[in-house]
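Letters A, B, C, D, E and F name the chains as they come in the text, with residue numbers starting at 1 for each one.
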Amino acid sequence: SKETWQDNKFTGVVTGLAWTAAGGEILFVESGLSKGKGQLSLTGNLGDVMKESAMLALEYLKSHARYLNIDEKAFDEQNVHVHIPEGAIPKDGPSAGITIVTSLASSFTGKKVKARIAMTGEITLRGKVLPVGGIKEKILAAKRAGIREIILPQENKKDIEEIKPIYIDGLTFHYVDEIKEVLNMALEEK
Amino acid sequence: SKETWQDNKFTGVVTGLAWTAAGGEILFVESGLSKGKGQLSLTGNLGDVMKESAMLALEYLKSHARYLNIDEKAFDEQNVHVHIPEGAIPKDGPSAGITIVTSLASSFTGKKVKARIAMTGEITLRGKVLPVGGIKEKILAAKRAGIREIILPQENKKDIEEIKPIYIDGLTFHYVDEIKEVLNMALEEK
Amino acid sequence: SKETWQDNKFTGVVTGLAWTAAGGEILFVESGLSKGKGQLSLTGNLGDVMKESAMLALEYLKSHARYLNIDEKAFDEQNVHVHIPEGAIPKDGPSAGITIVTSLASSFTGKKVKARIAMTGEITLRGKVLPVGGIKEKILAAKRAGIREIILPQENKKDIEEIKPIYIDGLTFHYVDEIKEVLNMALEEK
Amino acid sequence: SKETWQDNKFTGVVTGLAWTAAGGEILFVESGLSKGKGQLSLTGNLGDVMKESAMLALEYLKSHARYLNIDEKAFDEQNVHVHIPEGAIPKDGPSAGITIVTSLASSFTGKKVKARIAMTGEITLRGKVLPVGGIKEKILAAKRAGIREIILPQENKKDIEEIKPIYIDGLTFHYVDEIKEVLNMALEEK
Amino acid sequence: SKETWQDNKFTGVVTGLAWTAAGGEILFVESGLSKGKGQLSLTGNLGDVMKESAMLALEYLKSHARYLNIDEKAFDEQNVHVHIPEGAIPKDGPSAGITIVTSLASSFTGKKVKARIAMTGEITLRGKVLPVGGIKEKILAAKRAGIREIILPQENKKDIEEIKPIYIDGLTFHYVDEIKEVLNMALEEK
Amino acid sequence: SKETWQDNKFTGVVTGLAWTAAGGEILFVESGLSKGKGQLSLTGNLGDVMKESAMLALEYLKSHARYLNIDEKAFDEQNVHVHIPEGAIPKDGPSAGITIVTSLASSFTGKKVKARIAMTGEITLRGKVLPVGGIKEKILAAKRAGIREIILPQENKKDIEEIKPIYIDGLTFHYVDEIKEVLNMALEEK
């Protein structure tokens, strides 16, 4: 079904942008923690590359725990679950990287995500944000869903510049090179 | 075989609604606990997406243990088994989500399930209930089986409104957005 | 080879009824315990659904240990092995459920199995016995093998009523709804 | 290559009989123990059914340890390795069962195997020996290889009676129903 | 996208040279350490042979820890993650061997990698560097990306000698036989 | 690439002989030890049968530790890595058996391997050496590579006798029946 942006009352829930055979769509990345021994569980009919994004995201947070004010024990004494509804739809590819890392950072810091913001971008282990495909379709879906701000990889700026202004009216774009910029932009202070 | 609703003398047994090539059907989700170390076992010829529903359901209960009055140790010191008869039939898809979470909640709280109630709906990690397909066929099967109340995702209300009233005569529908509503509706007080 | 009923000098050996492309056949379910940590091993060229029957059977016994007078430690301090000869023949499906649970109950309680009794039926986690296919062929094979009593699911009674009386002359049928009935019928007191 | 019987200077080495597309052949089952925690390793390009024979053989020895004068600790404090040369040839099927159980019994008891004896037969968990195929071809291969005594399942006696006497001149056959008979026949006293 | 050399502000990031259907390309190998028990994680849509290169690289560092001034505990008390962006592109083959071992050596020693250097070469367990394919295409890609020095296997020197001088103007080549030479060349002193 | 014999300055490096679609070739088996818990790692794009050779080789050394003057703790307190370059080439079959066992024996004893010696032969658990294929092609490759002595299975002697003397001029052959003979021949005293 065609989703719309919902609310930001939960930590760990972040709006992403997907590009499917049927056009652009928004999706939600959810994450949660429970008492455990540091195990990472992934659900939502995810392909191997998308699962790797979650591994990268968690590893990034571990190695930047101090910067993000996360107690290192948090990674050892809790299990992490990442879920991307809807289970009937297979999902893959690296473009949910910044959405997943933002979701996990929200869960580990307890900071909520800014309202009406969505994002797309591949992440790397050292924290860079790489460009992704399907930008035009994703932007149209975001607008339709009531999104107002969009975080994109710096290298995708050229894709936005090729879209007719009328289609992106009312949207604010943030171009980023690094995961740190994403987290600064997307997470609210407590 | 064409099942009918049976009884609610056991905790952990919940009536779900399935949609197969042969039309709608009711199915039973069974769960049980035994002394162990928190392992989750899944049987009944289940596909990966249905297995993920059970992982989500268990994770949801863990992170809402306090709300549901479940001692957190219950998850560490017992194994959980979820079974969906009948073994000869492969089963998959996310639509048994609310049925599985209700079954597990019944097993962990010891609360029985309300008589003659059935349900269908996908769940997410943060506790939302998402719409599912095959509503008309599922409703007809439920009625045939002696069900009187049906829990459905809010977004499936429109599907019920398209069914001729005569087919749903005698059925009460409960539309829900969140897992909490399902559990409040379906579990009896002890 | 065409088996015949053998004897009941061992605990853990139970006669089941199988339905193959070549017609009905009897088969033996064997189980045994050895010092260990509760691991379940399954041999005999078994498919996934048949393996699930063994998981269900063991889980059922664990959750009914008190009713069956089995010390709960028995499950933690021993390994369980279930074997179904003959290794060259792939076997699958849920219909060996009651045969496997009877075999395991015999091994854990030390009670022998009644002489010249055979059985077929799917089991569920809460202990119900579900109907299975190939009844006529299975019954003929049982008779040929020297079986005198047969335990069947209640819902398969109609299949027996359709068989010409002459074919079932000398056979006694026991129809059951629950695993408890099977165990009461099939296990001898010590 | 066409093997011949070799010698019995090692414990754990037993001559079996195989039936391949190219006719009958003898093969050697080797086993050995090393310090460990009870792990079973299987090599020699073995299929799943043949691996199950080794699991069954080890389980049989565990549950008959007292009868065979094996200290139960022997199974916990050593690893067991079963190898069947030659690695380039895939091997499968249940007919090496008695050869494997004899090899393991030799390794665990330290008793050597009788000279110029070979064997074939499926085993079950409770210790029965079941009939196997390819008897004629196997017998011819055994004779060619210098074997003098052959252990066979009782139910394969009829296959021997159909072979022209001249082909089996000089061979002694032992027909068995149970693993115990095999071990009594094949293992030498220390 | 066509990458260019970036910077060497992070340890663990090394520029490699890949040869794809579309021609030569540079790629980045990233590695990082986090508190753990010595587990090696590999992401980036890597094939089995490329994963083996990472296993070899880590094993080489372990057995040369003293030579490289790495405390042996570093391998037991940290997890190692190797990532090669970009996740959408499957990668395989042994030619990233020296790039991966340099990345890991940088992470474990804390030494940064020399600016504007790239490399390609297979590694072996004893530390040799073996020749690889696609040299001409890789060199052209390196030049385009702003690389100034290239480390190559000694046996690939002949491939460079066949390239027209104009194409390699401004590039310095280092031919190596052993991993030690690579590390000496590529890692800066702290 | 066409390898030549290199040197014997490292323990654990042994020259083997392979037979590929392209003719005979020499290959190197490398092994190394690192602090660990007895885990065996195998790299080099190896098939299952070749991996089994390494398992057999390690098991053989464990059960002959005393004979070879290896402290038994060496197997529990170190991990073992076996690598066969070159990663791009899939390798399989049992004929590297004696090469692998010699490599491991060299690593565990610290004894270097004799100069300009190569070998081929399958091993068994009890320490026998079985014949292998492609002898003529392997011998030609060995000569080309500067090898002077070759260890072969006794049963392959007939293959050497069929080669024209001029092709094997300057080569010394050692025919063996058992692994012990291989190790005595190939390992230098310290």
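Assume contacts are C-beta pairs under 8 Å (C-beta built on N, C-alpha and C of every residue); 3 or more make two chains touch, one makes a residue touch a chain.
Please read these numbers as outputs of a predicted model, since none were measured by experiment.
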- Task: On C-alpha atoms only, rotate chain D onto chain E and read off the angle in steps of 5 degrees.
- Result: 120
- Query: Same or different for chain C and chain D, when you check if over half of the residue numbers at their contact belong to both copies?
  - Reply: different
- Item | Length of the line joining the C-alpha centres of chain D and chain F, rounded to whole Å | 30
- State, to the nearest whole Å, the distance from the C-alpha centre of chain C to the C-alpha centre of chain E. 60
- Just how far, in Å, is the C-alpha centre of chain F from the one of chain A? 52
- Message: Touching at least two other chains at once: which residues of chain F meet that condition?
- Response: none
- Note on the structure: Ring membership in sequence, chain A leading and chain E after it, reads A, E, F, D, C, B
- Name, in rising order, each residue of chain A that touches chain B in their complex. 1, 10, 12-13, 28, 30-35, 41, 43-45, 81, 83, 85-88
- Item | Residue numbers on chain C that touch chain B, as the complex places them | 48-49, 52-53, 55-56, 59, 62-63, 72, 75-76, 93-94, 97, 122, 124-126, 128, 130-131, 155
